[in-house]
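Next, two complexes with chain A in common: one pairs it with chain B, the other with chain C.
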Partner chain A sequence: MNCLSKYWAIAVTSAKSNLAYAGEIGSRLCFLGIILFIFMQLWKAIFANANVAQFQGYTLEEIIWYLAITECIMLSSPRVTPLIDEDVRTGAITVQLVRPMSYPLYRLASNLGEQAVRFAVTVASAGSIALLLVGPPSNFGLGLACVLLALPLALVLDFLGYLLVGLFAFWCEDTSGLALIYSRLTMVAGGMLMPLDLFPEAFQSLLKGLPFGYIVSGPARQFVHPDPTGLGALLGFQILWIVVLALVVAFVYSKALKRIALNGG
Partner chain B sequence: MVINMNNAVEVENLRKVYEMHKRNGFFRRTKAEVVSVDNVNFSVPEGQALAFVGPNGAGKSTTIRMLTGILTPSAGYARVLGYVPWKERSHMAYHIGAVFGQRSQLWYHLPASDTFDLLAKIYNLDKVEYRKRRDELVDRFRLGPLLDVPVRKLSLGQRMRAEVAASLLHKPRLLLLDEPTIGLDIHAKQQLRELVSEWNRKEGLTVFLTSHDTGDIENVAERVIIINHGRLVLDDSVENLRRQYEGLSLEEALSHIYGLEVESEETEDVPELQAVG
Partner chain C sequence: MWNKFTNYLELAASYFRFNTKAQLEYRTAFISQALAMFVNDCLWLAYFVMLFERFPVVKGWEAVDVATLWAVTAAGFGIAHCLFGNALALPRIIARGELDAWLLYPRALLPHIVLGRMNASAFGDCLFGFVIYVVMVHPDWQHLLLFTLLTLSVALLFLGFSVLSGSLSFYLGNADTLCENWRHGLIAFSTYPIELFDGKCKWLLYTVLPAAYISGFPIDALRKLSLIDALYSFLGALSVVSLAIVVFNHGLKRYESGNMVGMRG
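Entry: the complex of A and B
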C-alpha cells in the first residue's frame, strides 16, 4: 500500500503541476475546434455524395462524436518520450535514480496525472464543439459508462508504447523521429479518422492484430456504439497488450540500466 | 579486509573505465577507454565532513555516481552505510541524501512545499514526524516565505537552499553533494556552506562534498581529498594542509599540488586515453 501511495502522490503532484499550463490548453482548444470542424465538413460531403444516411451502421452524428473522442485521446497522448530523452541526455535521470522508487513507474504515474488534466480539458471542449455541431449522441448514458471503463487501460497502453520509444534514448542520440513515426502509426492504424470497422476487410484483421486500435478506436467506438460484450473483448485485448508491452519495457529498461551502469547516462 | 562499522563510506581500489566508440572515417569504429577513476582508496568515518576536490574532469562526479549506486565500478569495492551501492541502490536510497549542483529535484512549476510533500510519500515518512522535520528545516534554512512560491520564481541561491533542505527531509545519515555551490554568488555560497556545516556539526550528518572551490573546503570540511586524473594525490586534514602551506592561500596551495601532479606525470608519461582496438 505504501508503494501504491507513493505513485499516487506522484500522479497528483504531476496533475497539479500541469494545471499551471492554462495558455497551452487554450491554444489546444482552438486547434481541436479547427480539426473537428474540417473533419465534419469532410464527412458531411462524403455522406451527401454517397447519398446515404449511414456507413456500416454509423450515422453522421456518430462519426462526429467518434472523432471527438479519438481527438481527445490523440491530443492528450503522453509526452513521455522527450522527457526520457532529456533525462538521459542531460543526466537528470540521476536525480530520480537516487530515490527509492522505480523510474518507469515514476514516469507512468507522472504521465497519468498529466494526462488526466489534459484529457479533462480536451473532453470538455471537444464535447461542447460536437454538441454544437450535431447535438447529443444517441446512447449517451451507456456510451459514457463504456468509454470510462475502456479509457484507463487505453491510456496505460498508449503510455507503454511511448515509454518504449523513449527508452531508446539510452542507445541513440535523438528519439524524436521514432516518436513521430510511432504517433503517426497510432493515428492511422489506431483509427483516429474513422472506426476500424470502416476499413477494408483484409486491412481490418491486420489492424486488430496490432495494439493501436485498442488505444484509439476501441474506446471511441464504445462511446457511439456501446456494447458490453465488445467492451469485454476490448478490455481483454488491452490487458493482453499491456502485459506484453510491460514485459518488453521491463527487459529493455534492465538493459538500459546496465548501460548507464557501464557507460554513464 | 577489515570492515569498520563506524565508517560511512569505505572504498577500496575503486576504478571506473568508460568505454567509448569513436567513428574514424565512415566504416572504421575504434573503441577508446577513458580511465575516469583509477584505483582509489579511502574511507569516511561517520559524522565527518569531507571535501572531495579536483579540477574539471578529475573524476569527482564519477566517484559520487558510484557511491550513489548509479554507476557500477569496473573494479574495486565500496560500501556505503553498509550497503554495496550498485547492488542495493533502492535500500540504500532511504538513508542517503544527494544534491547535484546543476540538476534540480524540485518540481519547477510548483512551490517547493509540494515537492516536500511528495518526497514524504516517496520515502514513506510518518506524517507527524515529517511535519516536524519539515518545519525544522524550513526554519533553519529560512525557507518560510519561499515555500509557497513556484520554484521557477526562486533565485538560484534560494533554490539551492530548498534543494538541500529537500534532500534532508528523510533524515539521511550521509549527504552527498556534487558541486552544490556552482554558479552561486558569494553570499549564497556562504549561506549554503554554513547550513551544510551546521547540519554536519549539530546532527552528526556525514558530508561528502565535491567541489573545485576552495571556499567550500575552508568553510565546510575538516578533511580534504584531492583527486586529479582519477588518482588520489592528497588525503589530509584541512588543518594539516593549511599548516603545510602556511603563508599561501588554499587556492595557491591547490595550484601548487596540481602543478606537482603535472610534473610527476610528465616523467611517468601515462596517457589518459588509450586506444584499444
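Entry: the complex of A and C
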C-alpha cells in the first residue's frame, strides 16, 4: 500500500503541475477543431459520393464521434521519450536511480497524471465540437462507461510503447526519430483516422495482430458501438499486450542499466 | 539590384554549407531524423492512397493525384525549413530576447536569422517529395520542371507563413504554441484536396490559412500543365512573403533586448 501511495502522489503532483498550463492545453484545441472540421468535410464527401447511409455499420455521425475520441487519445498522449532522452544525456537518470522507487514506474505515474488532465480538457472540447457538428451520440451512457473502462489500459499500453522507444536513448544519440515513427504507427495502424473495420480486409487481420489498435481504435469503437462481449475481448488483448511489452521493457531496461558508467562527483 | 540578389544567394549558399557541416557533426542524429521523417511521410501517404482508392473521396482524384499533393507539400515544406530552419524557431527567439546577437550583423536582419539553422527532419520531407513524385507519378521532363518550380513557390509560402506567424511574438509575447497550431492547421488543410471545402470555408484557405497556394493552384498546374495556375501559386506565395516582411519589420520596432549574454560561433 505504501509502495502504491508514493506513485499515486507522483501522479497527483504531475496532474496538478499540468493544471497550471491549462491555457496552453486549451490553445491546442484550435487545432483539434480544425482537424475535426476537415474530417467532417472528408467523410461528408465520401458519404455523398458513395450515396450510402453507412459504411460497415458506421454512420457519418458515428464516424465523427469515433474520430473525436481517437483524436483525444492521441492529442493527450504526453511525450515521455524526450524526458528519458534528457535524463540519459544529462546524467540526471543517476539521481532518479538512487531514489527509493522504480524509474519506469515513476515515469508511468507521472505520465498518467499528466495524461489525465490533458484527456479531460481535450475530451470536453472535442465533445463540444462533435456535438456542434453532428449532434449527440447514440448510446452515450453505455458508450462512455465502456470507453472509461478501456481507456486506462490503453494509456498504460501507449506509455509502454513510448518507454521502450525512450530506453533506446541508452544506445542512440537521439530517439526523436524513433518516437516519430512510433507515434505515426499508432495513428495510422491504430485507426486514428478511420475505424479499423473500414480498412481493406487484408489489412484488418494484420492490424488486429498489432498493439496499436488496442490503444486507439478499440476504446473509440466501444464509444460509438458499445458491446460488452467486444469490451471483454478488448480488455483481454490490452492486458496481453501490456504483459508482453512490460516483459520486453524489463529486459531492455536491465540491459540499459548496465551501460551506465559513474565517475564519482 | 541584381548584384544585391546574387549577393544574398551567395549568403544563403554559405549558410547552407555551414549548417550542413554543423548537422553532420552529429551524423547519426541527422540521418535518423531525416530518415524518420521520410518514413513518417511514407506512412501518411500509404494511408491516404488507401483511403482514396477505397472510398470515392473526390471525383476524378486517383492515387497519383494524392501522391502529387503530398509530394508538393512535403518538398515545399522541406526546402523551406532545410534552408531556413530558424523560421520555425522565430517565436521563441523573439520572446526570449535572443535577437540581440543577430542585430549585430551587417546586413538585413531577417535573412540572417532564418538562414541561421537547418532543420534535419525537413531534409527528409524534401527527399520524400522528390522521390515520391518521380517514383509514383513518373513525370515527363515538363512536369518535373514545373514540379520543381512549384516546390520553390510552396517553400516560399511556408517560409513567409512561418515568419508571419512567428512575428506575432513581437505583439503577443510568447506566441510559440499559437504559431505551432496555426502552422499545423495550414499543413492539415494542405494535405487534403481543396475541392473538399465549400465556398464558406474556401476564402479562409486563400487568406488566413493560405493552403490554396499549396494544395489548390500547384496541383491544378501539374494536373493540367497550366502555367497560369503556376503563376497564381507564385503570386500567392509572394504576397504571403511580402506581408511577412512588413509585419516582421513593423514588429521589430517593438522588440526589447533581453540583455542575454551569448556567443555565436
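One rule holds in what follows: the second predicted complex is superposed on the first by the 259 of 265 C-alpha atoms of A that agree within 3 Å, B and C clash if a C-alpha of one lies under 4 Å from a C-alpha of the other, contacts with A are read in each partner's own complex, and residues count from 1 in each chain.
Note that in this section a contact is a pair of C-beta atoms (placed from the backbone, for glycine too) under 8 Å apart; a residue touches a chain by one contact, two chains touch by 3 or more.
Since the structure is predicted, the reported quantities are computational estimates derived from the model, not experimental observations.
*Asks:* Considering only the touch criterion stated at the top, classify A:Leu193 as touching first (chain B), second (chain C), both, or neither.
*Replies:* Second partner only.
*Asks:* Once the structures are superposed on A, label A:Lys255 by its partner contacts, choosing first (chain B), second (chain C), both or neither.
*Replies:* It touches nothing on chain B or chain C.
*Asks:* Just checking: does A:Asp174 make contact with chain B only, chain C only, both, or neither of them? Give me first, second, both or neither.
*Replies:* It touches chain C, and chain B stays clear.
*Asks:* Touch check for A:Ile35: first (chain B), second (chain C), both, or neither?
*Replies:* In the superposition, A:Ile35 contacts chain C only.
*Asks:* Once the structures are superposed on A, label A:Leu185 by its partner contacts, choosing first (chain B), second (chain C), both or neither.
*Replies:* The second partner, chain C, only.
*Asks:* Considering only touches as defined above, state whether A:Ala50 meets chain B (first), chain C (second), both or neither.
*Replies:* Only chain C; A:Ala50 stays clear of chain B.
*Asks:* Please write out, lowest number first, the residues of chain A touched by both chain B and chain C across the two complexes.
*Replies:* none
*Asks:* What part of chain B is in contact with chain A in the complex they form?
*Replies:* Answer in residue numbers: 18-20, 62, 65, 68-72, 86, 89-91, 93-94, 96, 98, 100, 103-105, 107-110, 114-115, 117-118, 121-124, 150.
*Asks:* Using the touch rule from the top, collect the residues of chain C that touch chain A in their complex.
*Replies:* Per the stated touch rule, the residues are 26, 28-29, 32-33, 35-37, 39-40, 43-44, 46-47, 50-51, 54-59, 121, 177-178, 181, 184-185, 188-189, 192, 196-198, 201.
*Asks:* Spell out the part of chain A that touches chain B in their complex, as residue ranges.
*Replies:* For this pair, the touching residues of chain A are 2, 5-6, 8-10, 13, 16-17, 20-21, 90-92, 94-95, 97-101, 260-265.
*Asks:* Residues of chain A touching chain C in their complex?
*Replies:* Chain A residues touching chain C: 24, 27-28, 30-31, 34-35, 37-38, 41-42, 45-46, 49-50, 55, 172-174, 176-178, 180-181, 184-185, 188, 193-194, 198-200, 203.
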